[in-house]
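Let me begin by handing over the structure; questions about it come next.
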Amino acid sequence: MSSTYGEHLKVTLFGQSHGAAIGVVIEGLPAGMEIDQEALSHALARRAPGRSDLSTPRKETDQPEFLSGVMDGVLTGQPLCAVIRNHDQHSRDYSTELDLLRPGHADYTGHIRYFGFEDWRGGGSFSGRLTAPIVLAGALCAQFLREKGIRIFSHISRLGAHQDERIETAEQSQLEALSEMTLPTLSPCMEERMAETIREARRSGDSVGGSVTCRVDGLPAGLGAPFFGSVESELSRLLFSIPGVKAVAFGDGFAFAEGTGSEMNDAFTIRNGQIRTATNHSGGINGGITNGMPLLFTCAVRPTPTIASPQRTVSIRDMEEREISARGRHDPCILPRVCPVVEAMAAIGLTELWKERAQCLSVSPTRG
Amino acid sequence: MSSTYGEHLKVTLFGQSHGAAIGVVIEGLPAGMEIDQEALSHALARRAPGRSDLSTPRKETDQPEFLSGVMDGVLTGQPLCAVIRNHDQHSRDYSTELDLLRPGHADYTGHIRYFGFEDWRGGGSFSGRLTAPIVLAGALCAQFLREKGIRIFSHISRLGAHQDERIETAEQSQLEALSEMTLPTLSPCMEERMAETIREARRSGDSVGGSVTCRVDGLPAGLGAPFFGSVESELSRLLFSIPGVKAVAFGDGFAFAEGTGSEMNDAFTIRNGQIRTATNHSGGINGGITNGMPLLFTCAVRPTPTIASPQRTVSIRDMEEREISARGRHDPCILPRVCPVVEAMAAIGLTELWKERAQCLSVSPTRG
Amino acid sequence: MSSTYGEHLKVTLFGQSHGAAIGVVIEGLPAGMEIDQEALSHALARRAPGRSDLSTPRKETDQPEFLSGVMDGVLTGQPLCAVIRNHDQHSRDYSTELDLLRPGHADYTGHIRYFGFEDWRGGGSFSGRLTAPIVLAGALCAQFLREKGIRIFSHISRLGAHQDERIETAEQSQLEALSEMTLPTLSPCMEERMAETIREARRSGDSVGGSVTCRVDGLPAGLGAPFFGSVESELSRLLFSIPGVKAVAFGDGFAFAEGTGSEMNDAFTIRNGQIRTATNHSGGINGGITNGMPLLFTCAVRPTPTIASPQRTVSIRDMEEREISARGRHDPCILPRVCPVVEAMAAIGLTELWKERAQCLSVSPTRG
Amino acid sequence: MSSTYGEHLKVTLFGQSHGAAIGVVIEGLPAGMEIDQEALSHALARRAPGRSDLSTPRKETDQPEFLSGVMDGVLTGQPLCAVIRNHDQHSRDYSTELDLLRPGHADYTGHIRYFGFEDWRGGGSFSGRLTAPIVLAGALCAQFLREKGIRIFSHISRLGAHQDERIETAEQSQLEALSEMTLPTLSPCMEERMAETIREARRSGDSVGGSVTCRVDGLPAGLGAPFFGSVESELSRLLFSIPGVKAVAFGDGFAFAEGTGSEMNDAFTIRNGQIRTATNHSGGINGGITNGMPLLFTCAVRPTPTIASPQRTVSIRDMEEREISARGRHDPCILPRVCPVVEAMAAIGLTELWKERAQCLSVSPTRG
């Protein structure tokens, strides 16, 4: 089903952008965990629109209300439900019926899927707005992982023609700074260069795509499993749930297709008495299981499909070809807002895998 | 869990390369479906090693035995179990204990994961040999889909430096020829060029990676769902279960990161009275749901990690650094054998999605 | 996990009796189904307390708010979230810490389970109040089934020493009347006799148990499956989720333990050209699958554990033995309010089974 | 789906009584557990027919073969597949087509369910023979639990008119003796009396039902959860998967329906510094969660439907009413053989719950 994820951690999403509220039910986080409100608010603010001149001026006050599972700010261990009200809905902006299909959007496929009964206003249940409850769930999972020494960082590794430095060689101070930046990047002048590209896209009524690369430090070896339980399987299904993600690569990703075994294999070595790999082409995973090296993966994000330039499309009412131009102001680039969502999905998936591993550790003997 | 996939179709894998047998339990294929034995044998033969001078000469006679769920060659509707015996095990080639960790393999992570109790011989449960039951399950699913007019094709879109033509523009005859080729490619001389690269890799004790691109024709619009139920989520978790797959991209994939909205949006148009898109950058998916265009995706496959050239590694027994060189003969390139596995995973995932959609169609009213 | 049920229909419960709200997320009901508001309100009213002098006077205004999945009263096909606010919470009635363990309640086990972090006020997430969202979900499922000709009826088959007539022989008018009765019973004077027993229990500061028997008409043959997918497995896990249910029996239930094969087997016969059974000891199920006869099952419900009479217990704060007497007014018998919950669980489980069957029908060929 | 059970422990059943083999795939038992072959053989022998003059003389040599997941008798942590070959099939005893529907069996419902394609010979996938892999899985789980101090005992609490003593007051020596008895009972002369009833049933061409009561010692408090994750929900769905089980009761079960709160509540008390209950009407469960007292439950088992006496039935070929009499020799009472199956299901369900709890313990802080 499309709304529920996980076995050891269950995350159930609901909501449409123009319904009463959007939200999430989470089961599996530990009783007794005190919510880090500051970290939660920070994560939600990073995703919210209107933070800078680079994103849409629609204002979303994503103040979650906890309906259950929390008492005095502490998790009770019971299913947690958090909702975020939809205030700024402007349903009057929408005609009573779906007509012109927006290219690159789910207007047409949602219409087929839900037999014409879908709430299509503002993207309905396909709306990027549903990433808010994902970020909320992810922030709680990230806190859970942080308390185990696991940290998740992400940057915009590419935006149009611009490519940032590689995150695997970034220093701790660079990593820490990322979540405070409007355009999280490592290379000194990269933020300004990408910002200019976004402004240019806006000026020309167009939009621009990019990629987000994520690095997770502090993961123990042994998370994941071969085949359907691989780290890549678990994370990719979550990452591809993010609207606009069209590709996911682990470690060197597509470079593997052009390389040879002698180039791409990571030699094993001993560092501080621990088995490590000399390089990290594999992105911290062997055979679907973490190997104790930093986890590395990259998501390609499509340019926002909503653009001011005129596009050819179809009127589903009349079954005739037409032209469409987006009215109002829209994000010419969602990359900055996608970063916290990618981190959230990573946190959700790694919490699932961490719990599964904790269970194995609690029931298995160790070889003498 | 790592062994079971699916809600509407359940596929449970088991086996190690050096145990008694490997196999699969499948539930959810329709009672009354008569197994197309020829198609099944063909799929298994494509995956088996030793078909040409390009792959390992180990001979696997992958004759499945159906233990349950089949009567007189027809599915009974009850759980089907098929096993493939391991004959060519050569357990004597293995010392009694894991020692030198093979770079790029799961020796180390499997050892951590299973607390030293894993069957590590020949890759154990991480072995590429477990793709045989996947191909078996996939062949049955492909037959199920074929009877609904859905066809799955794949080619080696890249192998080292060589890039094949794009499959979206291939003609029907080209597509049909692919499954008969040793190196399934579209461009005329490509097969020989890639073969030469593989032979060269073997000569130099190295291996070579590549990518497989898959095209699925005949899918109706409406399969999949937003978020966790997206076509991309469902397929990516299966594709990343294939040993060696390091990246998965839908449609134009990473090209989206460098493009603009006006370039990458697929305009809607009307063709033969049906809504279609003029281009297919999105690979047949909008908002996680099929749009009636051909489904397109690509997997990057790492070069075989087992190479003859010496590599640095660690003795887990002595916790000391050593050197390792693969003995015996190994596949310098698994791409040809990965094609049927990719197709199998696509067939499994699409059968799950097709059944989910059939259920919706059977319970929903249609808008007047 | 404790909060989520189902594969073809997903129902996720959340809430504590003294949190902000309780609610449910439902996925899998068909797009386009228009909510029968009257039937929904009626079901919720039957479960609500304070309907007569026989139940607790606490007033619960269970007006659900639909946060998602509904537009203009029609299901959109997307996950539906409905919440019911907790108004009458009286948290001030509770001291700040759990102390005296109420016998028969989950105070102690909840305390262990959630490590002392549980919201224990008013039963927390164990509260009978959580049956409100179950009834809500069940009412929607019952409507779904009703539109397929399936009807669910229940009566109080036993209350203390009183035993009602058997529902399998009830006439249609008797069945229709049940949901309108304070104490749904078939035998003419039974309602008054049971009411008197309840009043007597209240007078003596005690409570009384009973059993609910459910009959489902109109089910087609073929729902369910052998082993883990049996009708009994699917329904029993739901029925045992109802607080207070201690036994579940299908058809003649425990009478099977005292009977012989010749007595208890239901002979096959032909009625109106259809295969039926002459008797219905099996309660409409053979081998875990419906046989086209009415489905019959009974749940034993414990007497409300909260009683005014003094009981021995333990202070968990001081780890000393004490005495406890319930203050305030409580239901001396929850049977009348359990009936709609049992029906709701039946509706949820049968919708799951109905959808699973609809899927089989949509993919399987029929034997010529 | 009907073949797969569990989240933390996955058990997948397959097989028909007249196919090549029956078997089970198990995932989730700990790597490093050495199989107690003696305990496993003993459990399988208890279930096998032909042990005494009281059961069917068909000989089943249930020697399991482990295809995967075991190396040198030790679990590797990877999915374990065990198969049991079907030797004594006598397919020639069966005509080529299903005709006379056996009353009380799944002939008719299986025919509808699988559209006439089912393997109906010998009960097909509904056969009691499939309880062999259940017992196998259960024996491994029972070993897992035994190593944690948890012991499972069962006796025939009722057989026709005979009622055995209550197991909650049995002494340790009595409990230990049960698994060695042909008819496991506590009261001294009960075994012989029940045996006589079974012989009598055979003489008269009839069969007799009964009930099995199970007691589990050594369970910690805190297993299970409210609602869908209750101990009763988890166990009942497994117990109702056993062919012939028609009712499941926890603790005093249906006696709750006739009792009052003051009678049925279990007062809390302190014993050896631990919170216990003075009585155990609830069978060791409060609010769906174990309370540290012995777990008690009872299953009602129908009389074997296969009887020599003539019964009315229908020819599905001719759609006409006929008479049927079972040929050959059949179990006049399956109760003795059901005991190990009930214990197996208890072991499977409790392993699932134990693992879920172990996970909570490994991630939750404890209140200071």
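First chain written, first letter: the chains are A, B, C and D, and each begins at residue 1.
Everything that follows uses one rule, which is that a residue touches a chain if its C-beta (ideal position, glycine included) is under 8 Å from a C-beta of that chain, and two chains touch if they have at least 3 such contacts.
Note that the structure is predicted; figures quoted are calculated from it, not measured.
Counting hops only between chains that touch, subunit B reaches subunit D in a minimum of 1.
Farthest chain from subunit A (centres taken as the mean of C-alpha atoms): D.
Centroid to centroid, with C-alpha atoms defining each point, subunit A and subunit D lie 45 Å apart.
Centroids built from CA atoms put subunit C at 39 Å from subunit A.
Each chain gets one centre point, the mean of its Cα atoms, and the points for subunit A and subunit B are 26 Å apart. The set of subunit B residues that touch two or more partner chains comprises 1-4, 7, 13, 31-32, 77-78, 113, 115-117, 125, 226, 360, 364-367. Per the touch definition, subunit D reaches subunit C in the complex via residues 1-5, 7, 13, 101, 103-106, 108-110, 112-113, 115-117, 125-126, 130, 158-161, 201, 206-211, 221-222, 224-230, 232-234, 236-241, 243, 245-270, 273, 275, 277-278, 282-283, 285-291, 300-307, 309, 311-314, 316, 319-321, 360, 364-367.
Looking at the complex, you find that subunit D touches subunit B at residues 1-4, 10, 12-16, 19-23, 25, 27-28, 31-32, 65-71, 74-81, 83, 113-119, 124-125.
Looking at the complex, you find that subunit C touches subunit B at residues 7-8, 30-33, 77-78, 144, 226, 355, 358-367.
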